[in-house]
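Chain IDs A, B, C, D, E and F follow the sequence of writing; residue 1 opens each chain.
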Amino acid sequence: MSTLHLMRTSAYQQNDLTQCLDLLQANDAIVLLDDGCYNLSHHLLTANISNPIYHINEHAIARAMLDQKKISQAITLAELPALFFTFDKVITWQ
Amino acid sequence: MQQKSLAILNSSSSFDRTQGRDALDIALIFGSYEQRVALFFQGEGVRQLVNRQQADIIQAKDYLATFSALPFYDVEEIYVCQHSLTDRALTTDFHLDNVSVLSAGDFAKKLQQFDMVLRF
Amino acid sequence: MQSLAFIITTSPLDNRTVTSINLITAALHNNIKVLGVFFYQQGVCNANKDIIIASDEFQPLKAWQNLQQKYDIPLHLCVTAGEKHGLIVEEQQANIDDVFTLSGLGELVELSIQATRVIQL
Amino acid sequence: MQSLAFIITTSPLDNRTVTSINLITAALHNNIKVLGVFFYQQGVCNANKDIIIASDEFQPLKAWQNLQQKYDIPLHLCVTAGEKHGLIVEEQQANIDDVFTLSGLGELVELSIQATRVIQL
Amino acid sequence: MSTLHLMRTSAYQQNDLTQCLDLLQANDAIVLLDDGCYNLSHHLLTANISNPIYHINEHAIARAMLDQKKISQAITLAELPALFFTFDKVITWQ
Amino acid sequence: MQQKSLAILNSSSSFDRTQGRDALDIALIFGSYEQRVALFFQGEGVRQLVNRQQADIIQAKDYLATFSALPFYDVEEIYVCQHSLTDRALTTDFHLDNVSVLSAGDFAKKLQQFDMVLRF
């Protein structure tokens, strides 16, 4: 079983990312979208996460967020729907 | 009817905003359509299970009392994250009997068993 | 065939709703079947036809209308949520745009069972 | 004489709005002058007269009506926020209850200058 | 100068309390109301705060929250308006 | 006209929800009534000052551009908390020139100077 986690909030503001990481299983992945892109610099993600992390490129650029630590793969919003089917389910954190 | 099992992940406290009530409405309707439904409580969501809350004092709807009706809709599975309880110095003194307290790891694994997760 | 259903809970004034509309559009462009969109909680306010947004800004209602008309996607407005948000008077669509359909929560169950994946936004 | 002005930004469906109403009532019972209540952001939805809440639950609109009628407190609805939330059609109070007055943000400035304390809720 | 801080959110959920404490001055006080009452057990408040802390008794009771560490003075909502005038201003955290 | 100085404490990020825009509208109106107004940025609010944001990419209103109009309303004071910047690994590369970067202590003391604080 695998889950795609859609992370729409900033861990600098609220604790959704912490709770998400508590649930994270070996085959899961995280997508950062909207304000979730602020997590690109957050220590919860820049340390110790071996799962795939994606971020919506246009959402990060709009916020002037760079993936400086190269922790994430940039995708477009248009590429996201296909990802939904490569995991068994999707959980949204917002 | 086809089956799709639903896990509702409750992460909001009891009374501010309407998340808890809106989640319960979803649980009841899926239950009445004979879908497998389980309630999961994580983070501030564990507040919803705490015993001796008194909604009437703050003129809030006592939707928590409706939790006891869940078995009539065949919603029998209620899971709470021990880690979230410990963080908040909360005990297992709940207003419901059939709550399963799971370690963070078991809680995550149990959630994986469901086809679909909605979070409130 | 793989299909999606969406649940929208965000306000039309929230930029996250732009994301949701673009995501649904992207799915359709990728030839993924979208069985329907279910508006719940504050999301029902997307159906309010009296919302006035400056003309140089994104118009969420227009975007929902386009989606519905171009792709024939059912836009289900949760009746109970609609009543709580003052959109329904005497069981009629008071200030709800015509592209939305009043539906019970049972519709969400149907969509959930039929869709390959349900996306809550 | 010491006076208060209030800004309400929470939805009528949110229990925090009950707190706000009780707090304003408590101020009045303590003979504190309340110069006015200004509804901003999502708070404007408190004025929607079509909101349907189960009869055994707290009725925020009725509580606002009581406050206004019993104590003659001005309830100012921010026009811009009202338009964004679909409450105003062609500059008329579409589905806004009569106890509310349409006001510009300038009214908030006046209230702020006059009141001893401004409480944002 | 003094400020009365109205805290309506839980520090277990979001970071308002942290930011409030960053601003706290010697003559300030904090009132916990609504979900802010959950902070009665939070380590940010149970350690090191010498400022007066109040909580709205009915809001705490409704949530079955006890002030077990005796860090706060219970007041009723009816007592709150008078407090507004004993401080120079009021900031709401919600 | 009487005077009451207003500090607007911005704690929300740039685009999700409408907090930043709603705060700006308040700043402009108080400015046009010739009240002293200052903008304070703390927590996620500091995101609003970051240079090279591009609202148009996500079809958001570029209200941040309106910040440059603030001096015309005599809103000249803009303060940002250094601690909040450091936490987020942000520099002082802002899209405005006249931003005063203050230590957490000075930021708090400056805020105390105002008669009234609204937080968004």
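Note that in this section a residue touches a chain if its C-beta (ideal position, glycine included) is under 8 Å from a C-beta of that chain, and two chains touch if they have at least 3 such contacts.
Values in this document were obtained by computation on a predicted structure and should not be read as measured data.
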By label, the chains that touch chain A as well as chain D are B, C, E, F
Comparing D-E with B-C, the busier interface by C-beta pairs is D-E
Taking each chain's centre as the mean of its CA atoms, the one lying farthest from the centre of chain C is chain E
Of all chains, the one whose CA centroid lies most distant from that of chain A is D
CA centroids of chain B and chain F: separation to the nearest Å works out as 39
Chain D to chain F, mean C-alpha position gap in Å, rounds to 26
Rounded to the nearest Å, the gap separating the Cα centres of chain E and chain F is 25
Multi-partner residues in chain A (2 or more other chains touched) are 8, 12-13, 15, 34, 59, 89-90, 92, 94
Multi-chain contacts in chain F, i.e. residues touching at least two other chains, fall at 15-16, 18, 43, 58, 60, 116, 119
Residue ranges of chain C touching at least 2 other chains are 13, 15-16, 19, 22, 118, 120
Pairwise touch list, complete, is A-B, A-C, A-E, A-F, B-C, B-D, B-E, C-D, C-F, D-E, D-F, E-F
As the complex stands, chain F meets chain E at residues 9, 11, 42-43, 81, 83, 104, 107-109, 111-117, 119
Within their complex, chain C touches chain A through residues 2, 4, 9-10, 15-16, 19, 22-23, 26-27, 29-30, 32, 116-121
Listed in rising order, the residues of chain E that touch chain F in the complex are 1, 3, 15-16, 19, 22-25, 88-94
Within their complex, chain E touches chain D through residues 6, 8, 33-34, 56, 59, 77-78, 80-82, 84-85, 89-90, 92, 94
So, in the complex, the side of chain F touching chain A is made of residues 13-16, 43-44, 47, 50-55, 57-58, 60, 87-89
